[in-house]
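Presented below are the structures under discussion, each in the form of structure tokens.
Two complexes follow with chain A in common, the first pairing it with chain B and the second with chain C.
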Partner chain A sequence: MTIFLASVGFGLVTASVLAVAAVGFTLQFGVTDVLNLAYGAVMIAGAYLAYVLNQAGLNIWVGLVIAVAACSAGSVLLNSGIYTPFQRRGASPITMVIVSLGMTLIIEFGTQAIAGGTSVSYTMAQGPSVRAGGLVLTTVQLIVIGLSVLVMLGTHVLLRYTRLGKAMRATAANKTLARNCGIRAYRVITLTWAITGALCGLAGVIFAMDAGSFDATSTDLFLILILAATFLGGPGQAYGAMLGAVVIGLATEISAAYITPSYKYVVAFVALLLMLGIRPTGLLGARA
Partner chain B sequence: MNSYYIINLLIYAAVDAMACLGLNQQFGVAGVTNFGFIIFQAAGGYTAAILALPDQSANAGFQTYIGGLNLPFPLPWIGAAVVGGVIALPFTFLVGRRLRGDFAAVGLLVTAVLFNLLVTNYRPLLNGAAGLSLIPQPLQGEYNPQSSGYQWTLTAVAVVLCALVYLFVRRITESPYGRSLRAMRDNDIVADSLGKNLLSLRAAMLVTGGAIAGLSGGILVSYITTWSPAAWGYAETVVLFAAVIIGGAGNHLGAILGAILVPVGFEEVTRYIPTSNNLPPNLIPSLEWVAIGLLIVIFLWVRPQGILPERKRVIRAGAAANPPSAAAPPISPVPEPPVPEPAVPVSALRPAGEPPGDREVVLEAVGVSREFGGVQAVDDISFKVRRGTLTGLIGPNGAGKSTLLAMLAGTLSVSGGKIYYQGQDVTHLPAYRRARLGLVRTFQLASEFKRLTVMENLLTAVPDNRGDSFRGALAGRRYWRGDESAAIARAEALLERFGLDGYANSYAGDLSGGQRRLVEIMRALMAEPRVLLLDEPMAGVHPNLARRIGNQLAALCAEGLTVLMVEHELAIMDEFCDPVVAMAEGAVLAEGTMAELRSRSEVVEAYLVG
Partner chain C sequence: MKFTTPVIGIVALAVAVLTACSSASSNSSGSTTGAASGSTLTIADVAPFSGPDAALGPTYLASCYGATTAINNAGGVLGHKLTCKSVDTRGDPADAVPAVNQMFASTPNLALVIGCTSDEAASVAPVINAHKMAMFCMTGQSEFDAVKFPYFYRLVPPDLEESYAMVAIAQELHYNKIALAFGNDIGSQTFIQPAIAAIKKAGMTMTTNQTLDLNATTFRTEAEAIIQSHPDAIMTEALGSADPTLFSEIKQLNGGKMIPIIGTSAAISPAFFKSAAAAVGASTFTSDFHADNLVVESNGPAYQAFSSALLSQQGKVPGATGDFTTYLSAPGGVHLYDGINLAALAMIMANSTSPSVYGPDIVKIGNGVSGATVCYSFAACAASLKAGKAIRYEGPGGPTNFDAYHDSTGIFQVDTYSDNGAVNVVGNLTADQLRALSS
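Now for the complex of A and B:
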């Protein structure tokens, strides 16, 4: 029972990190139509930037804010400098994925070239542990969960109650129609990259906090979890990604407690392949 | 420069070239984007290793693995190719269904990442992260693997096998089957509607590429005698993609060139970078990966066709100089009326004494519906199409005409109702099966195969070409030359009839909009349809040409073809179509001659006026 509860605790933290990452990823894809495989690489670049600032003596939470801003700006640049020119030329979706895979190598191994191949960790206080009904969580873990909940609420408010959010949903549903209705699609897409880039940066830093130590290739496997959560909820569906993140986060950590931890990704992988093969529109999505 | 260096270079070049040929066959020719390609090379490597290695007890606990069959050469290599092909089969469920190509690619990428993780972490299977070593080299009992004669022989065998693989993929690609693969690459939904079984084509490509990758892995481990997860990270697939894109996707010589430039070239260039103790470790390998990424992005931007672009397959006029006499064009020559021509009265083209209403029903929709996310695009439609008629389908935008056509052809599934074709229930038959039965459609949007010539576009649609199967392609040109010549003769007759004979060897993607519509109609006719479903064939076509098309269609109907045509140009409907079905808001409003429809107020209100 204690193993189970402990794994639920881990699962909640993983789900929290995953929810931030997956909501960013799925919105990015839904609104901009780019299946950006470089998302994991941008995450780790943000995490590493926070590490460099942290090493320079800055508090990690300040580093987090700067990393979020940098990933946001970097994602906007990635789009306007690379993806949009290709899309304007009429590149096929498959070409876009190959381009994003190329960008993955550039960003991921560019980070590695600077960072070196060794694992690094943040210097930070974990804070006192908190016990609640058998669950034991550190203060940092609680903060991570809290941040994630805030981001989810923020996403809900954005999509539901703001003009920008409505424009994003409209653009995701039908870009041409949205443009004809007076929505400035390019502006909406740029803002989407800024917002999802910020989520990506936040996810990167809290992923690194949760993992303890990380290197430039750490998100290769985490990308599987992001994709699994995204496809479980249906690509482009923000609420679906939240649900997917909770399911995948808990499932991987609970399975890790009972099988060997190194196989915890198998659960996510099987879920992803099943969704791709049987219901690519997601559990909440419409029938194909 | 010693001979060891050259041997090493040649073997790596042969192995990489082989892998690139397999990948190019999948990606460049057939448009199957397999981001997990490296899995199959890895599987071949492991298979060759555990078939050649003695039982694990012989290693005294040094390494653990399954198998250990100690099989003699060349069984490990054969096993490598077989396993590489067989493990590709399960992935058919990703690429074969109507899953977006980019989603399938992501699924394969993730599979590659995960398999590497599993093999790394599970030691009993294939010795985990450390990998297998001391793998016996071919015939090492009989010969001394260290001798230069042995090494050169192994090199020669690898190069010869690479050449054989090249001949093999070229034979497939340059056959009618290869043309179908390229058509699928350019537009899979259209290929489906012309009778191509996408599932079987893609499965064949996965297995072929997998077997080639497996063989390349088997040869590699026989040379380097070790194989571990570090050798086949997911990113290695990206290197092969870079090679194929840079060399020229779709061109097998380009794939070989790419293999020499990218994987081999990188290995060689970094050899000459002076190592310095001041550099951080990992810097050079990291920068190599960055360079691979940059190469992909830059090439896709600057020269997406690669250094050696796919070459154009020119078919000279008269290539079918001696077509078998039986292969006369199925469309008997109709005297070509001058343009502009007087309208041929519809009645004059009809077999005498048989009004259209009495003829046999060839296509029937019974209560057909289609819903899109709560919107009823087609609502409980029933109607009949009779043999030899040129039936028109009119209605305002959004009436559901194209949706109905797509359901009749099988491109879209029905939400409810039945479709009968020649008395047979085809409601759940996939589009390619309906096309093979003679129920062929065209598309509203231009749907030519862009990187095929006009002639190739036409030839793709021909059913029953002996060379249009994997086996037929392997049997070679002599086996299918007869069918091909007959098809070329038919295509030439058709091109002449529609006045496009000067464009036979132009890429279809380079034609004007009106010419592309013609290509599409001709291509559909090449499929030997009994019922032709045309979705706005005259949109964007010059009125003179439109009437010429109309005359041709009317003539074909007089010969027994049945046409159901969606069209907005009412003059065309007046002139050629009888009966005409009017649709609005997903339902049939009325049916009759155009003159009758004009007298019906509800039709006039729904469509003719506003």
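Now for the complex of A and C:
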């Protein structure tokens, strides 16, 4: 029971980081039509930026805010400088995937070339641990969970109650129709890159906080988890991504508690395949 | 949503490529059969410079820079200067083979290969051997114990002996319950079975055996399983960010206390210390950390020459991080320095830069012949050779004794770290201790 509760706690932390990343990723994909595989690389670039600032003496939470802003701006530039020109020339979705893969390698190995190949850690206190039954969470992990809940609530408010959110949903549903209804789709897309880029930066820094130690390639496997959560929930579905993140996060950690941890990702992805076999559109995809 | 099944298939493929693939960021060349007069000879460091084991490449490169600078300052080899180049294998055989092929295709005057760790040795050693290129490999894999590769040389012991050394350390420290936590890479996995057998033979208990996926980002469940198995100590080798993350999570989940750690010689590197100390705090990390390491000299003429050569390269080695003096104790740093000196002296002795010609002289200079003059640095040994004397080179790694398979293994010492990253030798392990633990 103790190990079960502990693994549920671990799963919630993993799910929290994953949810922030997956919501940003799926919104970006849904609204912009770009399956941006460079998302993980931008995350780690943000994490490194916060690290550099942290090593320069800045509090890591200040570094987080700056990394969020930088990743937001960087994502807008990535879109306007790289993806949009390709899309304007009529690049197919497959071509865009390859372009984003290329950007992944450029950003990731560029970061590695600058930062070096060894792992680094933030200088920060984890704070006292909170124990309840077998559940053990540090203060930082509780903050990460809290930030994730805030992001989920913020995303809900954005999508349901703001003009921008409604415009994003309309653009995601049918870009041409949205334009015909007077929505300035290009502006909406740019703002979407800014918002999802910010989420990407936030995910990168809390990912690095959670991991304790990270290097330039640390998000390679995490990107697969992001994709899994996205497709499990239904691509383009923010609420689906939240749900997918919880399922993947809990499945990996709880399975690791009962069978050898080597199989934790196997279990998670078998669950994903089974789920997609039953509902190919994902958990919430049919409601789109 | 607007993507079809084939697109998703391509995405899956792309992601697989992204995660599994790597950079074959190397450069390098064809076998040398006698380089043009006055040309520069290249020593290729074939090792991981990125990926989880990225700390290994710069460690070897540091020794290469140190050795080649000392050799060049002493006049070079047969009128040639030496230079070093990095060949990044990413610690993955799938990346290592194309990187090595590219090296042979693009490096003129390649004279020696160093590195080839357990991550990639099994795949690249046959390729390098087929190109008739001499190599000093940092692999302990047992498959090389009795396989005849004429161009393969090794100054490190089989991994199973290092496993015995870790168990012997546990015995000396009176630990009885041992948890294992090794990375899922080839190099780390080879320690497990010998360690399990040795733990049993020593009458100890293995409390749990956790495999750490080096691509994973957290090991909380593994850490919790280790804590709940109540070990006296953890034996581990999981490089990159894996061990530091594990240590951090163990400390976190164990009420702020670390469990004593016994590491392998790979943990004696500035990059590892820096990462681990950053993850849990230097004093916490060093308080109960021990690692086995091959006995290396810490004084005497060989050490003086090595220390002087290596420290002259401080700040000049790409990728080197942390306290540079730690490289003085890093097994790769010491033994590859010796390997480069042995090869360079063999070239002089054979009057050829071709490995097929100078190779046999590596053994002669390492093992010595009757009446050979013992010398401790390239400069002194080269002078003796030029004076027509037979020599036996003894570097900072101690005397060499190559067997028929070109393996020369030393004995082990026990190392710890100070809070500033300095390495301390706190004991030695005898051959009898290891023999008692072997199956």
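Please note the rule applied: the second predicted complex is superposed on the first by the 271 of 288 C-alpha atoms of A that agree within 3 Å, B and C clash if a C-alpha of one lies under 4 Å from a C-alpha of the other, contacts with A are read in each partner's own complex, and residues count from 1 in each chain.
In the analysis below, a residue touches a chain if its C-beta (ideal position, glycine included) is under 8 Å from a C-beta of that chain, and two chains touch if they have at least 3 such contacts.
If you're wondering where the values come from, they're calculated on a predicted model, not measured in any experiment.
Superposition note: with chain A as the common reference, chain B and chain C are in steric clash. Judged by the touch definition given at the top, the superposed model places A:F269 against chain B, while chain C stays out of reach. Once the two complexes are laid over each other on the shared chain, residue contacts for A:G249 go to neither chain B nor chain C. Legend: residue contacts after superposition of the two complexes on their common chain; A:I224 is shown touching both chain B and chain C. One of chain B and chain C touches more residues of chain A, and that partner is C. When the shared chain is aligned, chain B comes close enough to touch A:G277, but chain C does not. By the touch criterion defined above, A:G63 lies against neither chain B nor chain C after alignment on the C-alpha atoms of chain A. Once the two complexes are overlaid on the shared chain, A:G233 sits clear of chain B and of chain C alike.
In the superposed model, A:M103 lies in contact with chain B only, and not with chain C.
Contacts of A:T95 after superposition on the shared chain: chain B is touched, whereas chain C is not. Of the two partner chains, neither chain B nor chain C is touched by A:G201.
Clashing C-alpha atoms between chain B and chain C turn up only in stretch 94-102, chosen from 94-102, 310-318 or 436-444, once the structures are aligned on chain A. On chain A, the patch touched by chain B and the patch touched by chain C overlap at residues 35, 37, 93-94, 97-98, 101, 104-105, 109, 112, 116-117, 216, 220-221, 223-224, 227, 231, 235, 260, 262, 265, 288. Interface of chain A with chain B (complex): residues 35, 37, 82, 85-86, 91, 93-99, 101-106, 108-110, 112-113, 116-117, 216, 220-221, 223-224, 227, 231, 235, 260, 262-263, 265-266, 269, 272-273, 276-277, 280, 286, 288.
Residues of chain A touching chain C in their complex: 2-3, 6-7, 10, 13-14, 29-30, 33, 35, 37, 93-94, 97-98, 101, 104-105, 109, 112, 116-121, 123, 126, 129, 136, 138, 172, 207, 210-224, 227, 231, 234-236, 253, 256-257, 260-262, 264-265, 285, 288. Taken in their complex, chain B has these residues touching chain A: 31, 33, 35, 93-94, 97-107, 109-111, 113-114, 117-118, 121, 234-235, 238, 241-242, 245, 280-283, 286-290, 292-297, 300-301, 304, 373. On the chain C side of its complex with chain A, the touching residues are 1-3, 6-8, 10-11, 14-15, 17-19, 23, 48-52, 54-55, 57-58, 184, 210-213, 215-222, 224-225, 228, 240-241, 244-245, 248-249, 252-253, 255-256, 271, 274-275, 278-279, 319, 321.
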